[in-house]
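The structure under discussion appears below in the form of structure tokens.
Chain naming follows the written order as A, B and C, and within any one chain the residues start at number 1.
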Amino acid sequence: MPTRTAREVADYVGGALHGDEKVELHTVGSLERAEPGALAYAEAAYLPRVPATRASCVLVPPGEPPDRTVIVVERPRVAFARAAQWLLDRHRPEPGVHPTAIVARAAQLADDVHVGAWSLVEAGVTIGRGTVIHAGCYVGPGSRIGDDCLLFPRVVLYAATEIGDRVTIHAGVVIGADGFGFVFDGERHLKVPQVGHVAIGSDVEVGANSCIDRGALDETVVDDGVKIDNLCQIAHNVRIGTHATVSSQTGIAGSSTVGERATIGGQVGIADYCRIDPHGIVGAQCGVPSRKRVPAGEVYWGTPARPLRNIKKQQFYLNRLPRMADDVRRLQAEIEELKARLDRDRESAQ
Amino acid sequence: MPTRTAREVADYVGGALHGDEKVELHTVGSLERAEPGALAYAEAAYLPRVPATRASCVLVPPGEPPDRTVIVVERPRVAFARAAQWLLDRHRPEPGVHPTAIVARAAQLADDVHVGAWSLVEAGVTIGRGTVIHAGCYVGPGSRIGDDCLLFPRVVLYAATEIGDRVTIHAGVVIGADGFGFVFDGERHLKVPQVGHVAIGSDVEVGANSCIDRGALDETVVDDGVKIDNLCQIAHNVRIGTHATVSSQTGIAGSSTVGERATIGGQVGIADYCRIDPHGIVGAQCGVPSRKRVPAGEVYWGTPARPLRNIKKQQFYLNRLPRMADDVRRLQAEIEELKARLDRDRESAQ
Amino acid sequence: MPTRTAREVADYVGGALHGDEKVELHTVGSLERAEPGALAYAEAAYLPRVPATRASCVLVPPGEPPDRTVIVVERPRVAFARAAQWLLDRHRPEPGVHPTAIVARAAQLADDVHVGAWSLVEAGVTIGRGTVIHAGCYVGPGSRIGDDCLLFPRVVLYAATEIGDRVTIHAGVVIGADGFGFVFDGERHLKVPQVGHVAIGSDVEVGANSCIDRGALDETVVDDGVKIDNLCQIAHNVRIGTHATVSSQTGIAGSSTVGERATIGGQVGIADYCRIDPHGIVGAQCGVPSRKRVPAGEVYWGTPARPLRNIKKQQFYLNRLPRMADDVRRLQAEIEELKARLDRDRESAQ
């Protein structure tokens, strides 16, 4: 791992250094557990923990800097992410095809590709420079993988999958399996052909054991910069726009679209033919019914999905229900009393 | 791929041909993206798109046929599914056991079985004619697989799994893992024996990364024609009836039964000992509580699951809650006014 | 498999034998499907089925024992679990490294470890006595696995994973993949470093295709005795306390803690920075919002999660809503009538 001085890191992230500019940094850590030699970071709320850390340097937000080696930056977490990418070289295995791997003769691999043990690269595949395919992966016929991608062990790409550059795919992911398309002919479910494919852009990350189905006839599309968490289900013909994020265990059903920069929480269910507009936000466990649209920049929540403010209003009234029931009961009593009083008045008037 | 004329396809699906009966078809496509040589289809709502398609022939519903080569059928999507199965020959690898695969001597493989690279077929296994086992599968001891099955890469069948004919199992599926059965003895969870197995009928399809656990003592059963989507969880001793469908990320807990032709939506949770009767429908994200029964042909939704009409009624009243709260407030005011009026009347009467 | 007499089993579980103490038992079964030679059990509700069983011996609760060979115990299911562990020897493959497996020279394996076909054990790994690693597993660099563990086929452990003794990990599990940590820098999502690891205690079981992510900077911890079902998602920096159980398809987001002996139902979503206190119970499909605490021993349910009694109260009022709407309408009518009556009275008084 490379070693950098606090001064070099400060220059790299564009921050103001206070303290010992020569202290050497070669790793990263949390305030609580970092060892000397590590860079840590502290958002404003965690500044009181800075004095006790063993980290050699801490990224902190503007304000009175603590009396130790710190780098003052506008957004400590962003600077930390950038510095960490620079400080930490993720171990990449040596280029080359492992002797136990099988690469079809009709596949084209750039010179410095790594193909791990017992990985199978089928005919017609092309793999770009610097891409690492770990052990036990399957790359189906006609697939294309770009430069500097990283496939962890046991990834399965069905035929004709397209993947851009700098894409990370975690272990157990399945891309390009058949969509769930059947039509009942009166006696049994006939399979509707699932002969499209999956096209994934660049700078995408797909979490462990997630599934992205091939298009039925056309494409399933995951655009540049999209991040998908573990155990997600992306169905046939879905389109996910640039830099959208999809949290764990979420499912997006057939032909739905998720706009750029949209944020989809965990365990969300988006039914088929929905449209989440750009910058839309769908809260955790939300259920978006078929053909529903979430407008740009709105926050939706609940099942069935509604604007968050509506949900909050409903919660407010729900919480007041017991009191309202009491009010109604009291009103009934008061009306009875009024009636009795009128009866008495009438009687006494007669 | 075989090539058929429009006339041959019309005869095969039992439709009425209009236009050029000799046009050759060798693939399928969507109206929007099909190339010449492709068969497409259009439901009534999409007929306006037919003139612009590049597809050579389109399956259309009854009515005034567009002025191009079309085949008129009652149900275009059904006819399309049937024709596609006939037109498209899914690539099947050559029969034979790959040199890197390991097949136990005590296993019985029909002559034209394919076993892919690094697949392990344990002792006592039998595999029927025409079945294809892709790379990296594990077939546990004593398992039986019927004819013409298709196991995609990295499927795991634990010991004694039974699979019928024409079953498709997608990548990453795990069948026969232990059910989640423990009993707390006061100090720790003891494992309740999970020594049953899984029995799957014919014409079943199981989606990528789904799990079907073995029975605790007896069987977990998936009947003929059942279709299970990706990332589903079928627990120990569950029984799923013929031609039922289970959408993505649904979980069915121990000992529950799903009747024939039932339709289970996505992300549904069915707790243990439930009973979904034949033709029952359970909507997406529905939560069916322990021991609940969904009657035949009914539609249930919500958590806890109730008949859809009840849910809709509840939604109706929920949406009216703010107005009802206003009504109650106004009634209170009116009663106060009435009381005041009575007081005034009495005063003036005195 | 060993054969034991009913007398031996009675002594082992500390029960009172009635009937033939010499009957031989070599397997277990359900009341309905057991064969002769099997031990079964019956909770009180199932005692009427005991006379018809073919099982050779039945564990039954205290009371008038049926007229056949039975063992009376306080808790039949617990005794059954204990006896089954003793009677049934799960088949363990022979010690040794399969010729197709690859074990790095710098890995340390105890003498009687089994490493199955096409499993890859990277440098710096240590594996304890009696541990079985089935076919196609990947054990990342620097991982430590204790004694008597069982890894089913296709388990993936990323680098530096720590696993205690007697841990069972089912097929398709991925441990140590990167957590879902990104920060948006205004243009794109930067990866926040995910360089921690996963530490799993002893006597843990992890269900098929579940995922446990590595800590971002520190650890993700699964303590002794924890049982995790299939298709669960445990995010970075989560801590799960001893003997907690997590049912299928549940997701626990970053930095949340689950206390010892807590019970988490199926399809539960626990957002980030939550705290489930010891012995807390979270019902199926419950959604616990970010930073929420579930107090020790409480039962929470619903989305957003609330105490079960509150949910039940709310359900009660929800179910009464239609009647309440009727009441309000009737009150309105009665007030109108009162007003009219007052008007009439006034008129007649004038």
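Following the convention adopted for this analysis, a residue touches a chain if its C-beta (ideal position, glycine included) is under 8 Å from a C-beta of that chain, and two chains touch if they have at least 3 such contacts.
Being a predicted model, the structure only gives us computed values, none of them experimental.
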Apart from chain B, the contact-linked chain sets are one piece
Cα superposition of chain A onto its copy chain B, rotation angle rounded to the nearest 5 degrees, comes out at 120
Given over half shared residue numbers means same and under half means different, the chain B/chain C interface is different
Distance between the CA centroids of chain B and chain C (whole Å) is 25
In chain C, the residues touching two or more other chains are 100, 118, 136, 154, 172, 209, 231, 249, 267, 285, 303, 318, 321, 324, 328, 331, 335, 338, 342, 345, 349
The residues of chain A that touch chain B in their complex are 100, 102, 118, 120, 136, 138, 141, 154, 156, 158-159, 172, 174, 177-178, 180, 182-185, 188-193, 195, 209, 211, 213, 216-218, 231, 233, 235, 249, 251, 253, 267, 269, 271, 285, 287, 289, 303, 313-314, 317-318, 320-321, 324, 327-328, 331, 334-335, 338, 341-342, 345, 349
Counting only contacts in the complex, chain A reaches chain C at residues 27-30, 32-34, 75, 77-78, 80-82, 84-85, 88, 91, 100, 116-118, 134-136, 152-154, 168, 170-172, 203, 205, 207-209, 225, 227, 229-231, 243, 245, 247-249, 266-267, 284-285, 302-303, 318, 321-322, 324-325, 328, 331-332, 335, 338-339, 342, 345-346, 349
